[in-house]
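Mind having a look at this structure? Questions to follow.
Per-chain residue numbering starts at 1, and chain names A, B, C, D and E are given in the order in which the chains are listed.
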Amino acid sequence: MWFEQVLFFVAGIGALAGALGVVMLRNPFYSVLALVVHLIALAVLFLLLHAEFLAAGQIVVYAGAVMVLYLFVVAYIGGSDEPLAAEGGPLGVFGPLFAAAVGVELCIAFVASGLKALGTRGAEIGTGFGAPEQIGELLLTKWLVAFETASFLLLVAAVGAVVLARRRRGLEEEGAAPGPRREAPTETLEVRV
Amino acid sequence: MIDLLQLAASEAKAPVIDYRELSPLLALAGGSVVVLMVGLLRSAFARRVLVPALSALTLLVAIGLTIWIWESGDREPIIEGALAVDALSLGVSMLIYVAGLVTIVLSLRALAPEVAGHGEYHSLLLGSILGMVVLAMAENLITLFIGLELLSIPLYVLCATELHRRTSLEAGLKYLVIGSVGSATLLYGLAMVYGAAGSMQFGEIGAALGGGGLSATDPLLLTGIALSATGLAFKSSVAPFHQWTPDVYEGAPTPITTFMAVATKAAAFAVFLRLFDQAFGLAQLEWGPALAVLATLTIVIGNVGAIAQRSLKRMLAWSSVAQAGYLLAGVVVGSELGVRATAFYLAVYLLMNVAAFAVVVARERVSERGDDLAAFEDLGTAQPWLAWPMTIAMLSLAGFPATAGFIGKFYLIDASVEGAYTWLGIAIVVGSVVSLVYYLRVVAVMWMGRYEIEMPGPPRRIVRRVAGTSPEADARAQPEVAAIAILFAAATIVFGIWPDPLFEAARDVGSALPNLR
Amino acid sequence: MDVVWFLVLSAFIFVIGAGGVLTRRNPLVVLLCLELMLNAGNLALIAFARMHGDGSGQIFALIVMVIAACEVVIGLGIIVAMYRNRLPIDIDEMSELRG
Amino acid sequence: MSATSFGWLVLVFPVVGLLITSLGWRALPGRSAGWIASAAILGSFLSAIGALVDMQDHPAEERHLVDSAWTYAATADLEVDLAILIDPLSVFMCLVVAGVSFLIHVYSVAYMGGDRGYARYFAYLNLFVFSMLLLVLAANFVLLIVGWAFVGAASYLLISFWYRRGTATAAGIKAFVMNVIGDVGLVIAAFLLLSETGQLDYLGVFEEAPEAFGRNDGTLVAACLLILVGAFAKSAQLPLHTWLPDAMEGPTPVSALIHAATMVTAGVYLIARCFPLFELAPTAADISAVVGTATLLMAASIALVVTDLKRVIAYSTMSQIGYMVLGVSVAAYGAGLFHLMTHAFFKALLFMGAGSVIGAMAGAQDMDRMGGFRKAMPFTFVTFTIGALALAGFPLMSGFFSKDEVLAFTIDRGGGYLVLGIVGYLAAALTAFYAFRMVFRVFFGEPVPEARELERGHVAHGEPMNPATGEPEDTDVGFPGPEHHVAERSGPMKAAMAPLALLAIVGGIVAVPGLTDTLEHFLEPTFEESRFHDTAPTEGAELIGLVIGAIISIASIGVAFLMYMRRRGITLELRDRFTAVHSFLSHKWYFDELYDAGFVRPMATAGSFGRRVVETDFVQGFIVGGSTGIVRAGTSFARAIQTGFLRAYALLLVLGLAGLVLYFLIASS
Amino acid sequence: MTVHLSIVLFAPLATGLLGAVLPRGWARWSVLAGTLVVLGYAMVMLADFESGAGGLQYATDDEWIGELGIRYQLGVDGLNLFMVVLTALAWVPCTLWAAIREHDRAKLYFFNLALGETAVLGAFMAQDLALFIVFFDLMLVPFYFLIGGWGTGDRVRATTKFVIYTLSGSLLMLAAAIALGVLSVPDGGELSFSLAELERRSIPEGSQHWIVLLFALAFFVKAPLFPLHGWVPETYRSTPIPVLALLSAVLSKVGVYGFLRIVLPVMPEGSQHWQELFIVIAVFSILYGSIVAFSQDNIRLVIAYSSIAQLGFIVLGIFALDDKGAQGAVFQMLNHGLVVVPLFLIVGVVALRSGGSESLRELGGMAVRAPVLAALFLITSFATLAMPGSPNFVGELLVLFGAFEDKLVYGLVASAGVVLAAVYMIRLFQGVMHNRLGPRAESSDLGGLELAAVAPLVAVVVALGIYPQFVVERSERATLEQIAAAKQHAESRSGPELSVSK
């Protein structure tokens, strides 16, 4: 199945590249775009894993809607190039180090596991596997609760977004306007050491 | 192709939905929506009075329904085994509802709902509660994760609701970022567990371990356990994943802090118990020691961290870290007694902390020193009705006898000795010795405050007025807060002397999880 | 293509995401990194689903997509609120609560 | 009434007196307190006589009457009753104690007349007499120890009676502590006896002793030596003697009663009482004999140079007790107790005379300032001289017979005891010398102003000052009141001194070699068990002894006469010639300095070391500070990592994750 | 008779609560009444106590917390009879002392006094290990408030130190106790902390060792003994006098009582295992306490360190594992309490007459116009230094005899402590009462109520000195039963070392 393998490597490299791009690139704009690349690559991998529906969802919802939202916010805030210079120091060193350590451990876990199936292409599956029909059926039967809760979660998230992002006239009147300069008066306490 | 589709369609049959067991959740969901709608009304009455009233009503209904379900004791997982409606989940959800009620009462005069809008604030709160209940009931990995997120996401918002206050936003952001890292880790862990066990159902995972061909020492499984442990430890602020706790607790509006302190912990430990004692129960020999170490670490860190605090919210945050360590001991032993002890201590913990936080709320609203220790000087003579609850809460947290805290600790130590973790019991004891330093300091400040008391070193930053300072509120103008404090302090004493009711419930909860030692 | 390959790949993505969280100071980018970590989880889930030939893994992944979206929304909301309060959009600047 | 009930009466009277005088201290008018106290003592003296009479009715072998009031403490194998033992020895002691005490009470009525602490004084005095009688009547070791400690306490109270005097309180604490050392010795001894013989009653122990112990059994010797520690502490024998001279800080009658006549002889009584044990442990007996002899020599030598009148008599007391100890240690029980009795008479007499003189001197005690009181106070002069003669062992005086009997018995034992005997005679010479040194220096020569004053008919009144340090007294608690008392002026003092003078002269008749052996015979029932019961020096030997004694005493009195009457100043020459010797003696053989360097300072050092170093550095610094330090360190660490930097938190999270996973990976393999 | 003890136990607390609701100024009298009720009951008990009868009398035994096997189990036997009596005797004068003075927040003050008595009584009467610990820790709460709220000097620091120090001991004991309960559960048995039950059950010797050690830690801190007395100086300096009297007289006894009630009978092997160590600690405390005592200048501290020495004697007596020794220890517990209360009240009197000064350097010569005070002080001093004729002498005699029996050398070393006691007590007495009048001291005698507070206890001391057997015979049987097991075990182990040569 050379075709599959090639596809895997292409997509895999794409995904990794996208991920690295997200982390490495200075400009948030480019990071977002890198993520888009990453997502698309992932979608391909999903396809390789017989998750057609998810692949589609990935492209449409994620790479589409969510990323657009991102871009709007970045545009709104003005994606300033952040100076990476200050990011040296212990964090700059240890951060990647520990992360890498975790990665190695995870790989060990996968490789060393006694599960035979890991080394296979996976169980035999019917053609309907990962197709919208199956997903839909599962969502509405076995995973009803998860589905409903997720929908409720979306509602809550919307409310939260509203709370956080809406301009509130009421408060400006009450004088508790945003901005550090107008914070409540601070005071220092004399404290005995 | 076509016939395949028909085949699938013909197989598809609607799941049995047990509305009775589901009713509390439905009530919550509905309540949250209704509250949101009512909150959109213009009239101040609707927003300031009706909304809290309705939310409280929702919770009361939920409580009623929960009791109703509990009374008729059939305990089957419902809806294709997505939710477990048993004594554990019901008991914990009771605690959560109570915490929610308290939060609503404490929020009555708080600033946060004003800023966020009462409707939104309360519906978010109810949403979070719903998430907690789902989490407590979760019987499979997906429900667990979604419940966790439904718990967290509203809380991220609620922490940040006092938008004009920098620390509030900071708290929100920190909580969000660290929280997401935590849940991502959890997710990955769950994925690995799923991969190892081939099933999402706790029961089936346990069965797989029990002889379904999955060895308890499989690296994949254990790594999965490790990652999910990290995720849950983060939620229940167990060291070394605790660091968000003090900052978030301090930054968040105090009523929300109260809610997080008691409710989140309850839900997190509920799922901790369910996942580890039920799904991973047979791997206890593997994860027991690791969690025991974490518990000890947590006890130490939490207590020594609290010593240095002047801000009471921050101190209570650290102490809640320590308490998490105590609670974890009950999980570690993986025995029925452990489950009981944990459940018991969760209830006790609720009582003590609510009493303490209520007093903090009452003080910080009137004192221009916010929640700093100095704001409590001479409370004993000025406002004994606030000083006494605080004193009782502190003594109980420190584990003095004749308070519920003592019995709770007794129970936990009993459990850990029983489970051959005597040294963990000793750790609990040593921890409570250290904790005396800061608990007694509060008492001293309140009763002996006219005399110089050794305060912890100068805070690194200026002490600033903390959350919720609403000018119109003064001591007499907020009877409900004092009432909460007194009520819960009284309960602390009562259950310290006559704990049998709690033990009844705890025993019931302990029996919820099958096949435990 | 063996399942384990996908898993290792997902592990790499997870690690990259974590590394990003540890190194980047721009909250927007940090949010992106969180997305990476979640996606890694998704990939693992789907791979396992394929391995077991069991749909629930995919369902989980689907749910996670929803959750990821919600987190993003809230995260962006907070960032916007910070911006409204003229707070610096820099994680290291948000370190007033400490000790 | 039976002898025992008389015995109880003996104890009850002083208690009653104590209660009345102490509780009624405010109510009692004038000198009534003194009279009540004296009456109480008279009461117990009469009861003692009653006991004597009643006891004599019993046949000789039944003269050990024990009577128990109630169980004092009984647990496990220990059984102690509150019981008294009436036998010749205890009755004899009762008579001596009660008799002398009565006279001294009477004397005190006048002597302490002007003292603010009048009632307190008599309360203490009664307490003392009670304790002393309890001591001699006790029927078991525990009760003995009780009485033993009580007399110590009473003596402490009376020594520091004028408690505004720094010297007095210092002397008091010294005496008390030394006595406690003695008590501890007795306690341990009591335990050893209990553990071996299983009881603590005298009779029981003595019964069991021969079976329980072999001759010179280690435990027994230890027990006896510990008993000796107690005895020596009480009787001011080497090396526990240093408190006695300082005890002279107390009022003079106290010195007469406690520190001459009665308490200090308790040691002698104890050794005599425990004779069966000592005879089983000859080593211990010999040690005590040697110590007694050494003490008597040392004390006599010091008495030669001391100039404080009372201290001279104190040292002489020590040396006389040396004789007694020697006596009872060489199994000359009769002789030792005989000397105890006569010594009580003449030494009490001497102190009374001294008190009278000191009264005349307005409290001054230094002989250098005295002289020529012969005409001024003839009565005192006569009585004092009689006392001195008796002390010097002048022929036919009481002391003459008693002392020589002791020495005769000693020599009769032969062997090494000969040396002791000879030392005894040597000391006798010194005794006679310093006795008359006192007489000549105080009563002869040029009358000092105080003497003239007295001749002119009124008593000198000086500013009361502490004779030891010379600092003015804080008269608040009444150092011998504003007015002083001399025998010449007050009936009671005469009434007390006259009988004693008489007894000092004729006291010897109870045991004149060849003529009478009343005392011996009377004490027989107690000592008949003694191995040496029928070994006694031949009359010839005794007579030779008497002759030698007579010659020695007369000779050294003569020497004293020459040195202090004829050729005054020779003393100065001698002092200049033998400076070393003199300073050695006048520093009392440097015992105080030794103890100061050996015990007092080290203890004080240890105390301040404990307070300064151990408390602060170890207990507070190490234990407390250490534990808190650890917590502090932890706290600052927890704060240090709580930087507030989100990414740092994330870092720790990842680190923890890595660690956890690592653990599980290890666990998995 | 079940009501009996519960009434005794909760009478003070009830009156304390009553006082809290009564109008100001009444609290003191209501609490005083409560203490008198307890005293009355104690006397009744003393009267109808049957010395011969073994086992518990007036036993109460109800379920309290079934889940944890904790029973509400009270009882009195010869061992704790006199501890209860001591508590009753000590609380009355101290409450009276407090009642004749003005306090701010008087209600709280007297409520705490009352709560304290209830807690102490509970600890003494508890026959269930967990119940004992409950009261043992509860004790600290009232004293924490009393010292911190009404003390002098750096009182908050002192009280915090006191509580943390003591609790660190007793919480470790809590863990040990739970371990004891759990480990001793026989197969299929129920968890139980009832002492009687625990005595019947057996605990593996290995775990006995560390459990005993933790118990000892708690009790030594409470006592206190040498290395663990770090809380003593500050606490004694800043505690109000009546509270201090109670602290030193009664609280210090709870710990050593615990040895006899719990450790020896329940864990004989463990006790025997550490016998040597504990004796060494005891002896060292005796010497160290005495030596430091006579180098102290503050009267309170003199008595403080003297108590360390006294407690040393008690522990020595207990761990001599000998009948006489144990008897002596029990008797000495009573005696020390009885003399320390008047001693501290007298210190209070003295301080009142010297402008608050408690330094020997500034005191002196007070006896002149205060003969009664001087006399009482003298008697208590003599009793404290265990002068023969005082009950303390009998106590120490028995202790020493017990120690000599098997541990002669330690006994001899300890008896040096008797001499040292004489030194520091006489020094104390003289420093206050004798010598020249101190610069700030003025001499005036006891007032009527002061006398009423001090004199009765002194009278009791004197009476016991005349008839000690009164106590000995009543406490004998129970005491011997308590140590029997450990003693037997010790005899089976110990060779001839250190015993008197036959």
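Convention: a residue touches a chain if its C-beta (ideal position, glycine included) is under 8 Å from a C-beta of that chain, and two chains touch if they have at least 3 such contacts.
Predicted, not measured: the structure shown is a model, and the values here were computed from it.
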Most centrally placed chain - per-chain CA mean versus overall CA mean:
E
Compute the centre of every chain as the mean of its C-alpha atoms, then state which one is farthest from the centre of chain B.
D
B-E or A-D - the one linked by more C-beta pairs in contact:
B-E
In terms of CA centroid distance, which chain is the most far removed from chain C?
D
Using the average of all C-alpha atoms in each chain as its centre, how far is it in Å between chain A and chain B?
27
What whole-number Å value describes the gap between the mean CA coordinates of chain B and chain D?
79
Centre distance in Å when chain B and chain C are each reduced to the mean of their C-alpha atoms:
25
Distance from the mean Cα position of chain E to that of chain C, given in whole angstrom
64
Would you give the residues of chain E that are in contact with at least 2 other chains, written as numbers and ranges?
none
Residues of chain B touching 2+ other chains?
142, 146, 149, 153, 156-157, 160, 163-164, 166, 173-174, 177, 181, 185, 188, 192, 195, 218-219, 222-223, 246-247, 308, 437, 452, 454, 459
In chain C, which residues are in touch with two or more of the other chains?
7, 14, 17-18, 21-23, 25, 47, 51-52, 54, 56, 59, 63, 67, 70, 74, 77-79, 81, 84-85, 87, 91-92, 94-99
With touch defined as at the top, which chains are paired up in contact here?
A-B, A-C, A-D, B-C, B-D, B-E, C-D, D-E
Touching chain A in the complex, chain D uses residues 645, 647-648, 651, 654-655, 657-658, 661-662, 665, 668-669
What residues of chain C sit close enough to touch chain B in their complex?
7, 14, 17-18, 21, 27, 30-31, 34, 37-38, 40-41, 44-45, 47-48, 51-52, 54, 56-57, 59-60, 63-64, 67, 70-71, 74-75, 77-79, 81-82, 84-85, 87, 91, 94-99
In their shared complex, chain D is touched by residues of chain B numbered 173-174, 177-178, 181-182, 185, 217-219, 222-223, 225-227, 229-230, 234, 239-241, 243-244, 246-247, 286-287, 290, 294, 300-301, 304-305, 307-308, 318, 434, 437
Residues of chain C touching chain A in the complex:
1-9, 11-20, 22-26, 28-29, 32-33, 35-36, 39, 42-43, 46-47, 49-56, 58-59, 61-63, 65-70, 72-74, 76-81, 83-87, 89-90, 92
In the complex of these two chains, what residues of chain A are touching chain B?
105-106, 108-110, 112-115, 118, 126-128, 133-134, 137, 140-146, 149-150, 152-153, 155-157, 159-160, 162-164, 168, 170-171, 174, 176-180, 182-189, 191-193
